[in-house]
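Input: structures, listed below.
The following pair of complexes shares a single chain, chain A, combined with chain B in the former and chain C in the latter.
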Partner chain A sequence: MTEAQTPQPVIEVNNLVTHYGDRQILKDVSLTIQQGEIMVIMGGSGSGKSTLLRHLMALENATSGSIKLLGHELSELSQMDLYTLCRKIGVSFQSGALFSSMTVGENIILPLREHTNLDRTTMNIMARLKLEVVDLAGFENLMPSELSGGMVKRAALARAIIMDPALLFCDEPSAGLDPVVSSALDELILRLRSAMRMTIVVVTHELDSAFKIADRITVLDGGEILTIGTVDEVRNSSNERIQNLLNRRFEAEEVDPDEYLARLMGQT
Partner chain B sequence: MEHAVREEQGNLIVSFQGDVDLEHSPKAREVLLGCVAKGQDVFVDLSEVSYIDSSGVASLVEAFQASKQKGTRFVLVAVNAAALRVLELARLDKVFTIHETLVEGIRGGT
Partner chain C sequence: MAAPDKRGSPVHVLESMGRGAFRFVDAFGFGAHLFFESLYWLIRGRRMGQRVRAEPVFAQMMVIGVNAIPIVSMLSVAIGITLSMQGIDSLEQFGAQHQVMFMVALSVTREFGPLITGILVAGRSGSALAARISTMVISQEIDALKVMGVNPVRYIVAPSLLGMMIVLPSLTLWSIGISLIGSALYVAPQVGTTVSALFTEVNASIGTDDLAHGLTKSLIFAVLITIVSVVDGISVEGGAEGVGRVTTSAVVHGITAIVLTDMIFVFATTT
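Our next item is the complex of A and B:
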């Protein structure tokens, strides 16, 4: 990597369509994310943002369309090639997804043990470096159950970046955290991008967090992209559905009682 | 990654070129620990390092600790901006002795 490198697309999604059964979840979704960019994907419940993230993590098969990650067309990769590609991708899951039977240190070091033949001393130092980065120094011997919610998120982030991935996915990194802890996580994501030149995709419904960290924001609603733009472009959008989101009314959509009841009764 | 080791005024100068990453850091570790084991002061020139990841940084940390145990100097010189950002992320710029040039490093204190 050089300082003056021209940004390259790290993620290219073209006309992605996906269904769960008969239900269409993503409707012709296309977006490009450049190297070193922080892209925030926003939307209310059922907007398709988590489904899109799962596609980007190669965990779902699309009905149609294509996804290219780090120059590789996902549908054309063999299992072995996909495994190799995944070494360059870090994922911080919403729940943390730490193994409860392992210490924090063991959790963080796990990807190194799975994917590398590094010396044990090197792996231990790397894990402690990441704990320093996420401000969890000295917590390596604790069990996940002994951590607070914010600490679990940070430990999960440490594990996600242990391999210094080119691409980092964060699913709701701030969800359920108090504002101070949430803000610290935002700062951490910004520092990771700055220091490691990571491309970072964050799925969140936290507006403050999104506005703080995003280079661009993709707004999803009902499985389709409403807009992709900078923070200012999204803020100043005249689109009513986007403004509903910004006014935090996204989750409180109008309810059609008959339709809702029919859904509950399995009649739709 | 390529590397070179030379001796100047009783010091060992190690220079790396290219990426010091997961693939190459085992070699970097071997070179660094080998130099420290000789009991001479070691100066690591990072000016030609295009990218260093945390496995490379871990090798620097391990070699630095080994030099402290030997009572010798282990100094980073000509650290480029990209490498410095990685060191700063974990506040290692406060741990390592870092000089802008090799001449300053050799002349400087611990």
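Our next item is the complex of A and C:
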């Protein structure tokens, strides 16, 4: 394979360790995500997947380790360089994080208003275009409070892609949605990748969604990576913890009744 | 074994005081950082490609200032009349009730105008700012700004600070004027003179240094209200209950900061 054909890593995480107080959240996490890839980060509650995503978005500082985003080492960037880098990144938050005081249209054009000198008409046209991409045409004058949960997530996606980013982060895109809306959002993510050729990182605990959209899956458990592989590799993994996670099984815990009672009474 | 209950013990009291002092120093340092960072964006933002927009500044001025005019006016008239009634009652004992307007003008210009307006704005707009920021923190809107490459201090704090620094001294000036009008309307028939004669007296007795004293204080109060509200708003934890808690603490902390600063300012400028 020639160098030109080799996919370029968009994200490189090396030996990332992070703590909240005394508690270690991420334990020596390393992964590489290639250009144009959809990487799904999967794991149960408290596995560290959202923390990893916050580090990738430069919202947290790591205890040790490094993160390279689009060729830039995050810890070496000045605040202004970080803001410049952020223009190439789109983020769709779990809650949508739309500004409640602005209409959907104003939310979507906010990055354009802040980072470009485009006139209002052009910005409005671009907002309508992106709303059409996410099947929300005609909703630009509504307030976020007037939208359903699925619509909020789609509007957040429209805002995330307004600057045509090279990299898109989606935090739990289908959480709290019914299967039909959730499936439509998965289709939308796949469409975005093929239409805009962006690299997409999705954090989810929804197995169906993960298997549908992922090129590769990173499975996290207890702050460490259990495996990184294709959908089939993860499905067929012989690792018991991965199978437990996929089959929603929990490790049985031997309980000593006396110790349990003492714990409830606050004596241990 | 459960740890022994230390509550009420001298060690626990000392621990609590130490933690409180640490939190205060931490909040004070963070507030100072926010203030200087806001000034930085106001002065250098345009050159750095992160300018502070005029639109949110005007929006803040509208909310803090114009919408507060009716309540400020009503309170100011009441303060002016109350001071006049008290003044006439006290000065009559010395046969000096004709000097009441001088006393009211000095009190209102140097003390009551800035203080009452500051307290009113802390309760009305400081709480609103704390509620807005804490809601934005909880709903990840602040994170959304950061990942969009928008500095939250430049986008939220700097316009609020500038708006407050323009509006609070203006409101204070308005409050002083309305208080004096209210006072003059009450005093004139009481001491058998005219309103215009009373204002001539006020003009002669109140100097620009008195006005500067009041307006400088209101400028300091503007900074305090904004920074205290932002620091409290950002410190939110939990959901709606947390928003309620920081909103209340923003009012309490804001008013406390205003009253203490007022005392220090008066001490520094009069002794």
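In the analysis below, the second predicted complex is superposed on the first by the 243 of 268 C-alpha atoms of A that agree within 3 Å, B and C clash if a C-alpha of one lies under 4 Å from a C-alpha of the other, contacts with A are read in each partner's own complex, and residues count from 1 in each chain.
By our rule, contacts are C-beta pairs under 8 Å (C-beta built on N, C-alpha and C of every residue); 3 or more make two chains touch, one makes a residue touch a chain.
Only a predicted model underlies this, so the values are computations on that prediction, with no experimental measurement involved.
**Student:** Following the superposition defined at the top, how do chain B and chain C come out on chain A, clash or fit?
**Tutor:** Result for chain B and chain C: fit.
**Student:** Does chain B (first) or chain C (second) touch A:Gly43, or do both, or does neither?
**Tutor:** Neither partner.
**Student:** Name the contact category of A:Met196: first (chain B only), second (chain C only), both, or neither.
**Tutor:** first
**Student:** Between chain B (first) and chain C (second), which, if any, makes contact with A:Phe93: first, second, both or neither?
**Tutor:** second
**Student:** Using the touch definition from the top, say if A:Pro173 reaches chain B (first), chain C (second), both or neither.
**Tutor:** Neither chain B nor chain C is touched by A:Pro173.
**Student:** Please work out whether A:Thr116 is in contact with chain B alone, chain C alone, both, or neither, and reply first, second, both or neither.
**Tutor:** first
**Student:** In the overlaid three-chain picture, which partner chain does A:Met126 touch, first (chain B) or second (chain C), both, or neither?
**Tutor:** Only chain B; A:Met126 stays clear of chain C.
**Student:** Looking at chain B versus chain C in the superposed three-chain picture, what is their shortest Cα distance in Å?
**Tutor:** 14
**Student:** Help me check something: in the complex, which residues belonging to chain A touch chain C?
**Tutor:** Of all residues in chain A, those touching chain C are 57-59, 79-80, 82-87, 89, 91, 93-95, 97-100, 110-111, 114-115, 169, 266-268.
**Student:** Please name which positions on chain C make contact with chain A in the complex.
**Tutor:** The touching residues are 1-2, 48-50, 135-136, 139-141, 143-144, 146-151, 155.
**Student:** Contact residues on chain B for chain A in the complex?
**Tutor:** Answer in residue numbers: 19, 21-22, 25-26, 29, 50-51, 53-55, 57-59, 61-62, 81-82, 85-86, 88-92.
**Student:** If we count contacts the way the header does, which residues on chain A are in touch with chain B in the complex?
**Tutor:** Residues of chain A touching chain B: 1-3, 116-119, 121-123, 125-126, 129-130, 132-133, 162-164, 191-192, 194-197.
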